[in-house]
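Look for chain A in each of the two complexes below; its partner is chain B in the first and chain C in the second.
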Partner chain A sequence: MMKKTLNRKIVISIFICLAFFYLIIIFLWGMFMNPAKYGVNYADKLVGPCKEHLFGTDAMGRDMFNRCIKGLSNSLVIGLVASVFSSVVALIFGIASAVLGGVTDKVIKLAVDLCMGLPHLVLLILISCMLGKGSLGITFSVALTHWPSLTRIVRQEVLQLRSSQYVKAAARMGKSPFTIAVTHMLPHVIPAYLIGLVLLFPHAIMHEASITFLGFGLSKEVPAIGVILSESMNYITTGKWWLAVFPGIMLLIVVILFDLIGETLKKLWNPESGNE
Partner chain B sequence: MKKKTTALITATLMLLSVGCGKVANNVSASQNTDDYESINIYIGTTVFDNAMDPIKGFMSQGYPFINEPLIQVNTDSEYTACLAKDWEISDDALTYTFNLRDDVKFSDGSDFTAEDVVFTYEQVKANQANNSKADLTHLESVTADGDYKVVFKLDECYSPFLDITSMLQIVPSDAYDSTTFDTMPIGTGAYKVAQYDANQQIIVQVNENYRGEKPDIEQVNFIKMDQDTAYSNAVSGQLDVVMVSSTYINEKIEGMSLHKLETMDVRNVSLPTLEPGTMKDSKGEEHKVGNAVTCDKAVRNALAIGINRQEIINNAFNGEGRPAVNFTDNLPWASTDDYEDNRADEAKELLENAGWVDTDGDGIREKDGLKCAFEIIAPGNDEDRYKLATALAENAKDLGIEISVRNDSWDAAVEEQNTTPIVWGWGQFSPTVLYKLFSSNMFLEEKYANVSGYTSPECDAAMDRALSASSSEEAYKAWKEAQAICDAEYPYLYLVNIEHSYFVKDNLDIKEDTQIPHPHGHGTPIICNLKDWVLN
Partner chain C sequence: MLLEANNITFRYTEKSPLILRDVSINVAEGDRIGIVGPSGYGKSTLAKILAGYEKPTSGTVTLDGAPLPMKSFCPVQMIYQHPELAVNSRWKMAKTLNECWHPDDFFLEKMGIEKEWLKRWPSELSGGELQRFCIARALAPETKFLICDEISTMLDVITQAQVWNILLDTAKERNMGMVIITHNLALAKRVCTKIVKAQEL
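Let's turn to the complex of A and B:
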C-alpha cells in the first residue's frame, strides 16, 4: 500500500514537471520568436501540412505552426497576467472579508455576487469593448472577471481558520489583525490558493480565445488562437482543414494540461486524499 | 475533475464548430412547377441592412430593382431615359425639365404621373436628415406641369443635380407610407416585394403592371447568410448566384461558373499630407492632424510610382481586380492621367534625394533619426482590405518603407482618420465624391471627408467651377482639372479597381452585356439588370 502511494506520487510529480516543461517551452519559444518566422510569404499560399510547414500555411503564406506557438505564447502571457492579478485580488479580498467581517464582508460578498450573477462572457465582452478591445482590453477583462470564485474559496478557508484555537490565542495576546492574517492564516490558505491559481489558467486562456474568436478581443494582426480560428472559418468550406484543426488541438492540449496540473496538485496537497 | 475536463473539451470543440454550424434553413423552394421559374441568390447583405424605402436612400447608387428613378445610367456610364422620356436643362442651368412616360403603372395598379415625382422630391427635401445620398439642398422648387412634365428649379447652379435624379427613385404619392415602405415598397420596376423576412430573405416577384417586357424569371429570393455558408450552399446546389470574395475565386463548383464583373470601385489609402499638429474645425473643436512620415511628398510620390500594383493584387486577391492609379476610366469625370508603376529605382532615388537613407542597415530608411515607417488601418470586418494592406506593406519593404497593418473597428479608425493612413473604398457615378475627398471645406468637418488634409485653392476653384457648370462636358472638364491638381500631390495612394466575383449556375444567363459597371456595393450591384436575366 505504502509503496503504491509513493510510486503514484512520483509518477504524478514527473507528469507535472513534464507538463510545466512543455508549457514553459511554448511560452519562451513564442516570446523570443523572430516575427519573420510567422511573417507573410506569398510564395507559399495555402500549403497543406508538410515537412517545411508542419501545420501548413494560410492565405498569406504565414507558417501556421509558428503562428500557433506565438499565439499560444500570447495566450499564456494574458493568462498569466490575468491569473496573477485575479488571485492577488482574491487573496486580499478573501482574507479581508473573513478577518474584518462586518461591512467589508458584506461589500465584498456583494461584489462577488454581482460579478458571478452576470453571464461571464457578456461581462468579458463589455469590459473589453469599453477599453477599446486589443490586448489591453482583453487582458483587463480577463483579469477583472476571474477573481470572484477564488475569493469565495479563500474567504471560506479563512473563516474556518478564524475560529481555530491558535488564532483566538494570538488575538487574545493582542496581535493585530494584519499580523494574524500574515503569520497564522496565509500559510494555511496558500495550498488552496495555489491550486485555485493554476485552475484559473485554463479558464483565462479559453476566455481569451473565445472573445477574440467572437471579434471582441485581439485584432487580426496579432497572432492568437482566437484570431486563427475565426480566420479559418472562411477556409473550412473549401477544404483547408489544417487551418482550424491543428491550432484547435494545440489550444485544447494547453488547456487540458493546465487543468490536469491543477487537479493533480489538489490531490497531492489535500491531506484527505493523501491516503487514497 | 472528469466533468470539468469534458466541459473544457466541449467548449473548445464548440469554438471550432461555431462558424460552420450555421446551416441555411431558409432556402425555400416554393412553387417549383415547370413554368414557374424561381432562383435563390446570395449577393451580400446590403439589401438587408437598409430600409427599402427610396425616400430614405435605398439603392441610390444606380441599381434599384423595385422603384425606378427618372433617368438611369447605361453600360457606358451615360444617362438614359427611365421614367422620364427625355429631359432638358436651361442655358443658365437653373431649370431642369423632365418629360415623363405616360404608360407607367405602379405595382398596385395606380398610374405614374408628375404628381408622384413632385411628392417624392418634396418628401426627401422635407426629410433630408433621413437621406444623405440625395442632397436636395440646392433644389428650390419642383412643380408639375400637366400630368407628364416636371420642372425643377435650383437656387444656384449645381451640376451633380442630374446625378441625383438618376439616384432618387419615385414612390407613389397616394400609397406612400413611411413604415410599410421600409419593407414593402410599391414601385414601377419589373419586380415587387412579395415577402420580407428581416435578416433572412426577401422574395420578389414579377410586377404584373410592369410596362416593359415581362422578365423571364418569375421569382427571385434574396437570401441572407454568411459568406462561407453561402459558398457551402452553392456547392450543394441550393443557390443560383453566390457572391464570393477573392478567397474563393480559385475554387470550382460543379454546374456553376465564375463571373468577374467590372466595377467603378477603387481601394485607396489616405496619406495625411500635413505635419503632425493640432487644428481646429469650424466649431472650434481641436483635432490631431498629420503624420510625420507621409507628410513628406517624396514618400507619397515614391509609394505611388514604386510599388507593383499587379503583384499586390496577385498576392492579396488571387489576381482579382485591376491596378488603379486614380478613379476608374469607366466614369466620364474620372482622371485618365494614368502612369506606370513598379518604377522602384526611380522611387528609391526620389527618397534618397529627399534625405531618406538607410544608415543602420536594417532595410528601413531614416531621415534625421526618424524611421520611414507608418501604420495603416484596415478598418471594419473586411478581410479583403486587411489582405490588401498587408500585401502593400510587403511590397513597400523593397523601397525601404516599413508599413505595419492594424485591423480596427470603423469607430476607432475614424478617430484617427486625420493622422493614420486608412484603406478606403470609393465608387459611385456622382463626382461629388471628389468634392468630399479633395475640398478644403470638408477637412475636419465630416467623417471620411478629406482625411489627408490636402488643401489647395486652385483645386477648390476647379471644383467650384465643376459644381456650377451648366453642361456635363464643362463639369467633367473641371472635375478632371481638379483631380490633376490634387493627384500631383499624391494625398491618396490608389491601389486597385476591384472586381466583383460571382459563381453563377450554368443554366442562368445574367446578361453581362447589360450589366453596368458596378458601383460600391459589396457585391449587390449584380442585380442592376435583374429583369434581363434568363433561366434556360
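Let's turn to the complex of A and C:
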C-alpha cells in the first residue's frame, strides 16, 4: 500500500518535470533562434511537410516548423508576463479586500464584477487597441483582464481563514498576526495562488492567439501562433492544410500541458487527495 | 489565581438580542465549574468570552484583577467542540501539537497519542484522536485555566471516559481551574466540583 502511494507521487512529479522541460525547451529554442531560419525564401513556396521542412512552408517560403517554435516562444513570454502580473494583482487585491474590509472590499468587489461582467474578448480588444496593438498592447490587455477570478479565490480563502478556529486559537496562544499570516494562512493561500497562476497561463496564451488571429494583436511580420493561423485561413480552401494543422496542434499541446500541470499540482497539494 | 467575569452582557451586533445579561462567575484554582443547560442559553458564548475570543459588550473578564493578556500566551485556554475545525488541515499533526509547547513522550503516552499519528494529516485521524491533540496542545505549562466547550460530545463513550480521566488527572496535578460546558448532567456531576445551570446565569 505504502509503496503504491509513493510510486504515484513520483510518477506525477516526473510527469510534471517532463512537461516543464518541454515548455522550457520550446521557450529557449525560440528565444535564441536565428531569424534567418524562419526568413523568407521564395525558392520553396508552399512546400508540403517533408524532411527539410517538417511542417511545410508558407506562401513566402518561410519554414513553418521554426516559425511555430518562435511563435510559441513569443506566446510563452506574453503568457508569463501577463499571468505573473495578473496573479500579483489578484494576490494584493484579494488579501486587501479580505483583511481591510469595508470600503476597500466594496470597491474591489465592484471592480471584479465589472471586469467579469464584460465579455472577455471585447475588453481584450478594447485595451489592446487603446495601447496601439503590438506586443505591448497585447501583454497589457491580457494582464489587465485575467486577475478577477483569482482575486475572488484569494479573497474567499483569506476570509475563511481569518474566522477559522485554529487561527483564533493561535492568536490566544500568543502568536503575532504576522506569524499567523505566514505559518497558518500562507500554506492555504499559496497552493491556490500557484495553481491559479499556472491555470492562467493557457488562458493568456489562448487569448493572445485569438486576438492576434482577429487582427487586434501582434503585427503580421512577428511570428506568432495567432498570426500564423489567421494567415493560413487564406490558403486552407486551396488544400494547404499543413499551414493550419501543425501550428494548431502545437498550440493545443502547450495549452493542454499547462492545464495538466495545474490540475495535477492541485491534486498533489490538496491534503484530501495528496496521499492517494 | 482567580478568573473572574463581572457583570458580562453580550450581543453579537447592535441590533441582535442580548445573549448574556449581567452574568458573573468566579473560577478559582482547583475549581471545576460545570455549566449545563439546553441550547441557546449562551453557554458557548460565555466560554468564548472567558477565554478572550470575544469581547463582552459590557462587563470585564479579569485574571487576578488584571485583564486577560491579548498579545502573549493567554493562561486561559479553550478547547472546542469540533476538533477537526480547530487544527490547520495543511499542517501535519506534529506541528499542530508543538504549536505552543513541546509535550514529552511521557505526556503523549498519557494522552493516548501514538507516535505514528504525528506524521499524519488531520484528515487521516478520527475526531477522538484529533481531540486528544487539541487537549494536549492546550495543556501547556503556562495554562492555568481550561475552558472546555462540549469537548466530548462527539466522542464515543469509551473515548469520553479516557479523555476525561486524562484531563482530570492533569487538572488535579497542576491545580488548574476548569469551566466545563456540557449538555450531559451525569457527566457534569461526575467531574465538576460545582454545577451551574445555564438558565440561572
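As a working rule, the second predicted complex is superposed on the first by the 249 of 276 C-alpha atoms of A that agree within 3 Å, B and C clash if a C-alpha of one lies under 4 Å from a C-alpha of the other, contacts with A are read in each partner's own complex, and residues count from 1 in each chain.
Quick note on the criterion: contacts are C-beta pairs under 8 Å (C-beta built on N, C-alpha and C of every residue); 3 or more make two chains touch, one makes a residue touch a chain.
Computed from a predicted model, the values in this text were never measured in an experiment.
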Message = Per the contact definition in the header, classify A:L118: touching chain B only (first), chain C only (second), both, or neither.
response = neither
Ask   = Of chain B and chain C, which one touches more of chain A's residues?
value = B
Task = Please work out whether A:V84 is in contact with chain B alone, chain C alone, both, or neither, and reply first, second, both or neither.
result = neither
Ask   = After lining up the shared chain so the two structures overlap, which partner does A:I10 touch, if you call chain B first and chain C second: first, second, both or neither?
value = neither
Message = Quick one: is A:M31 in contact with chain B, with chain C, with both, or with neither? Answer first, second, both or neither.
response = neither
Inquiry  = Just to be sure I read the superposition right, which of the two partners does A:Y166 touch: chain B = first, chain C = second, or both, or neither?
reply    = second
Query = Now for A:P187: first (chain B), second (chain C), both, or neither, which partner does it touch?
reply = second
Query = So in the complex, which bits of chain A are touching chain B?
reply = 40, 42, 59-60, 132-133, 202, 206, 209-210, 213, 215, 219-221, 226, 229-231, 233-238, 244-245, 248, 251-252, 255-256, 259-260, 263
Ask   = In the complex formed with chain A, which residues of chain C make contact?
value = 51-53, 69, 71-74, 77-78, 80, 82, 85-91, 96, 99-100, 121-124, 140
Message = Touching residues of chain A toward chain C in the complex: what are they?
response = 164-166, 168-170, 172-176, 184, 187-188, 271-272, 274-275
Remark   = chain B contacts chain A in the complex at 1, 4-5, 8-9, 11-13, 15-16, 18-20, 227-229, 231-232, 235, 245, 247-248, 251, 314-315, 378, 381, 383, 386-387, 390-391, 393-394, 404-409, 412
